[in-house]
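Report on one structure; see the data block that follows.
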Amino acid sequence: MSKDSNKPHAMQPEDTPELRALYRGFEENHLNPLWTQTANLMPPHPKPEAVAHIWEWEKLYELAKRSGDLVPVGRGGERRAIGLANPGLGGRAYISPTLWAAVQYLGPRENAPEHRHAQNAFRFVLEGEGVWTVVDGDPIHMSRGDLLLTPGWQFHGHQNISDKPMAWLDGLDIPFSQQMDVGFFEFGADQVSNLETPESSRGERLWAHPGLRPLSGLDDTVSSPIGAYRWANTDRALREQLALEDEGFSATVSPGHAALRFTNPTTGGDVMPTIRCQFHRLRAGAKTLPRRDVGSSVFQVFDGAGSVVFNGQRHNINVGDIFVVPSWIEWTVATDLGVDLFHFSDAPIMEKLNFYR
Amino acid sequence: MSKDSNKPHAMQPEDTPELRALYRGFEENHLNPLWTQTANLMPPHPKPEAVAHIWEWEKLYELAKRSGDLVPVGRGGERRAIGLANPGLGGRAYISPTLWAAVQYLGPRENAPEHRHAQNAFRFVLEGEGVWTVVDGDPIHMSRGDLLLTPGWQFHGHQNISDKPMAWLDGLDIPFSQQMDVGFFEFGADQVSNLETPESSRGERLWAHPGLRPLSGLDDTVSSPIGAYRWANTDRALREQLALEDEGFSATVSPGHAALRFTNPTTGGDVMPTIRCQFHRLRAGAKTLPRRDVGSSVFQVFDGAGSVVFNGQRHNINVGDIFVVPSWIEWTVATDLGVDLFHFSDAPIMEKLNFYR
Amino acid sequence: MSKDSNKPHAMQPEDTPELRALYRGFEENHLNPLWTQTANLMPPHPKPEAVAHIWEWEKLYELAKRSGDLVPVGRGGERRAIGLANPGLGGRAYISPTLWAAVQYLGPRENAPEHRHAQNAFRFVLEGEGVWTVVDGDPIHMSRGDLLLTPGWQFHGHQNISDKPMAWLDGLDIPFSQQMDVGFFEFGADQVSNLETPESSRGERLWAHPGLRPLSGLDDTVSSPIGAYRWANTDRALREQLALEDEGFSATVSPGHAALRFTNPTTGGDVMPTIRCQFHRLRAGAKTLPRRDVGSSVFQVFDGAGSVVFNGQRHNINVGDIFVVPSWIEWTVATDLGVDLFHFSDAPIMEKLNFYR
Amino acid sequence: MSKDSNKPHAMQPEDTPELRALYRGFEENHLNPLWTQTANLMPPHPKPEAVAHIWEWEKLYELAKRSGDLVPVGRGGERRAIGLANPGLGGRAYISPTLWAAVQYLGPRENAPEHRHAQNAFRFVLEGEGVWTVVDGDPIHMSRGDLLLTPGWQFHGHQNISDKPMAWLDGLDIPFSQQMDVGFFEFGADQVSNLETPESSRGERLWAHPGLRPLSGLDDTVSSPIGAYRWANTDRALREQLALEDEGFSATVSPGHAALRFTNPTTGGDVMPTIRCQFHRLRAGAKTLPRRDVGSSVFQVFDGAGSVVFNGQRHNINVGDIFVVPSWIEWTVATDLGVDLFHFSDAPIMEKLNFYR
């Protein structure tokens, strides 16, 4: 339709006083005819307003640090988090129609108060040490490469016990929940409720053993009971895939492209009901197969460097850079020296509602 | 937060040149700080922009009829469908953030061309006869009280073989698919592809037998293979519920309130992945228990009359009237003489993504 | 192994005093070496002790009638049911290793007391009228062609209110439950607990509407809540399949072979956790495709006549005849004038445990 | 019924010539009346012929070793495996009606040929080193405390590369498959197909990372893709449960009783369709809550010592001892100094077929 169609628009009647009266009647009665808007409402394929875009880490981090100097963290604003606003979405802090991505910054000895919300959240740590996120009373240490979960309706706060600031990536389903009217929110303790700083969280100690399920936890859970996916495990799993490929076995997604999905051990499914988290490693000289999906994806370069192509244009990407790929946009990543990419998306929404292709 | 909170907004720093520079930096780099917008992004409970609203059938039908006189149906505009635009949603033809509801009008001997789309659709018939909707080549007769399905990506068109116009309710997930960028669309035949006018569709003949599944159809389907849910069956099921209640057995939802869900016989689940269809019958003097849900519902009075209360205000409802109840708005329907209500909602979305409460 | 193998049995050591001492040690300690029994324990494919066999209705009915004269029905023996004992299974009333099939006979005005058991049961009615089976207090009328369910742990009894005897087919999973030690049993009322004789049971009135689910019944059930699958529906569904085939549409399993599965409307799956019930109709001149399955099947000719081939031998089958097909035996049914076959099997066991091929 | 019932056996008619003729008629026609056998067929609760029994490791091992001297391993007998024959089951090598348990013994430098079967199998290693089991070409090192899987229809053989013999526990569903006629069997290579002896199998390298799923393995599998569950992980998970209990958190099944289930990471469910594998650790002074289940369980003491009570009798258990608990027999384990128990059962069968209570 529209540009994609040469069909005559048969339903555009002549402009007459009667037609104007009819259209006025529509307006007065909160009605809106399909025939004046079909092409926008029902495009031949997804035509997102959101655009593919890259945020450079250097600039992100610089602004986050400046915020640390100028803006105190605390109740009301809740978090010193700076949302990435997709240039196509009119200034709202939506990186895509479904996803929120932000850089959160916590200064030395700072403390972000506890709250909970129906929205699902995670943190992914590019660098730094010394922060514990406390999720439903369980203190979870945050280190480079770790993925930390805060599934919907679990109380959480953060504390920095070190003398250095720390910054990380926050991912949530805020745009989805805001547009679909599903959000709930509650304040919790003004300070994190548990000041202990153990190396391992209780969730990990109970659940992060490969293929082993505690008999005290036989009921499946909607979100993963593993609060922290540690970098050492992620890195080892990726290394093994590439080593198996070297030995001639099928283990990677495509040549030189190792990849894994973070999953809920009670079901084997995604870590949270709306957000998929994955990790990709490309060996030197490799590139991903071009693909496009219904739904949107966000990537952060964790290590190495390379380039991403969307809409036929190549862009360099370096450590910390974050980029978004909206629905049905084709993308490819390539690298000369190797690159590690953290990846999250709204694929669980698309798959469960059968819009995935 | 905001009105719901008396907490100080700790994160509103003093307005200084440095802060202004920071905010300018945010803007230039497509960033948006959380602390300036938390209350809107994360309300204590869903605060929909959509409002509860009633459209009177008399006016709807009058305007649909006028459209029949003035606007030819055909390729491009595709359908003579008049969308109900929620007064809170800025004039877009969204009855809620997820759902589309429209009155479609087909004049004597008219024909609506075939197309298909990823969006899921149904028709519910308030009155009239003589139209066949053809879904993937299967002609489906439309009569008063029938629910007809057009699940995503099935070709469909309509033809009116009578000398009278016919109008019905169309329901789709267009707002969801448009906002979430999941829509696909394709033109089909300019005329419906099958001009036969059987009383029963092939889908019904194969599938609409209680608890009986053809051995040629053992694979579960995403949407119901029953293309038409006939009024005679719906009516009988509701009558039996009330009769069982009269005989002292548990069969209704609450006293005097019979209700059923239209389901996919291959799974027992909803008829389509995003839309739930139900039917309610209140006997004379009954009323529904007050309830509020995450997600939005649309109702059409099929028979009888009564009143609906939302936000503490009572409104009369009569045959054909359509009303919408947005997320987390409490509603109750009561009736003196009995009322039949068709009901559709986005509950499958909310349940599958675990936002339902 | 065994006949299928020419391999030397390498593990048959010489008979020495030491070996005898070893084997004696095994025996004394309740041990049994694999190497003396592999071929039987692990055959190349299922080699059932059960054999394919046909029971003629004429003889079955005659003996059932004689039992009616000689054996009173009542507490302790519980049912005047005559089990079909597979000739290969040593005289036990097992028609196969998993299934029980019996002809039950209830004289004029007789009453079979209530009990319940973990075993799943159904009745299928070849002929007769006047008996009500009462399942958890719900009286269910039994008529020719009806399938009546008594899922595990539901109280049930029968009463004959007519002046004529009635006989029907009982199917249960007794052999499975006895061999696998899963059975529980409890006595109930000595007379059926509800003496009403309605035409329709409450289960049907609430549930037997195509694709319509009561909102009072949204929790899935392990077994079907439809207590009675009526012949009129079964017959109509089969007729429609053949009519659709005549019109050129895909509806049958193979040419001239209509077939359906009785299902649980809450899931679309089998009516009970261990037993599958199906119905086949072959039009005049048709035959089924040869097939063999892991697991056993029992068939009763409901109408018409034909022949069945197993192990390369053809046998005539007439109304009422019952035959069993054990695991991995190939079978084909053919008919000159048309035949209707009721069919039950243990396929749910095989599928759920992944032994199905 | 029977002892549990005082009800008169109303259906035992007087012994007359007519009755004898009737019973003769039954016999000639392969029929068997229910009323002569109800109590056995349908007991008030499971009354297994299998009995609870303990096999002492010392004797088991001694006999296994003797077999190593006297019986060569090879094609035909296939395995030097000595089945534990439940004393109640008539000498067949069934430890219960569903399960097979055997001690398998492989001498220095011996090799057990490859084969595959529909039956599901695992090995659990009490002691020893130097054997690799090769499953579908993947060599899997076997060490003390490891659980190794051989799911149905995967080729497998074993080789001992050391100069010492090795013995371990084999568990299969042979009795179920034999009685239910579901078994298939095929010979493979006479020598194991892969002579490499890596420390980690390919299945582990791809799959044994907590909560991490390879993108090359997104299809769920019926059985676990982790071929080896290593003792170091099992031990750590159990230690953490007890440590969490010490710290005051809910992590154990009951006080002092840590326990875990081995699971399929693609689903969170059991490792194989018919067999559940679990591990229990009781701290010094602890005991399990008494329980009884529908279905049978087999335990092997892995470490420590204690006692088990069944049928009101206490029995000492020491390292290596194996005991079986048939259906509906109550059992409790207690320990003064602590005990580790490997445990397998047929619970997946009972749960999937809804016989579990």
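A, B, C and D label the chains in the order they appear, each numbered from 1.
FYI, a residue touches a chain if its C-beta (ideal position, glycine included) is under 8 Å from a C-beta of that chain, and two chains touch if they have at least 3 such contacts.
Because the structure is a prediction, the values reported are computed rather than measured.
Any chain that touches chain A and also touches chain B would be listed here, but there is none. Seen from the Cα centre of chain D, the chain whose own Cα centre is farthest off is B. One simple way to say how far apart two chains are is to compare their mean CA positions; for chain B and chain C this gives 43 Å. Measuring from the averaged C-alpha position of chain C to that of chain D gives a distance of 30 Å. Chain A and chain C have centres, each the mean of its CA atoms, that are 52 Å apart.
Multi-chain contact residues of chain D (touching two or more other chains) are absent.
Pairs of chains meeting the touch criterion: A-B, A-D, B-C, C-D. The part of chain D that touches chain C in the complex is made up of residues 1, 5, 7-13, 16, 18-19, 22, 25-26, 29-38, 40-48, 50, 53, 55, 59-60, 63, 66-67, 69-87, 91-93, 97-98, 102, 117-119, 152, 174, 176-187, 222, 273-274, 294-296, 326-328, 348-350, 352-355, 357.
If you check the complex, the residues on chain D that touch chain A are 202, 205-216, 218, 220, 224, 226, 229, 233-234, 236-237, 240-241, 243-244, 249-253, 259-268, 271, 278.
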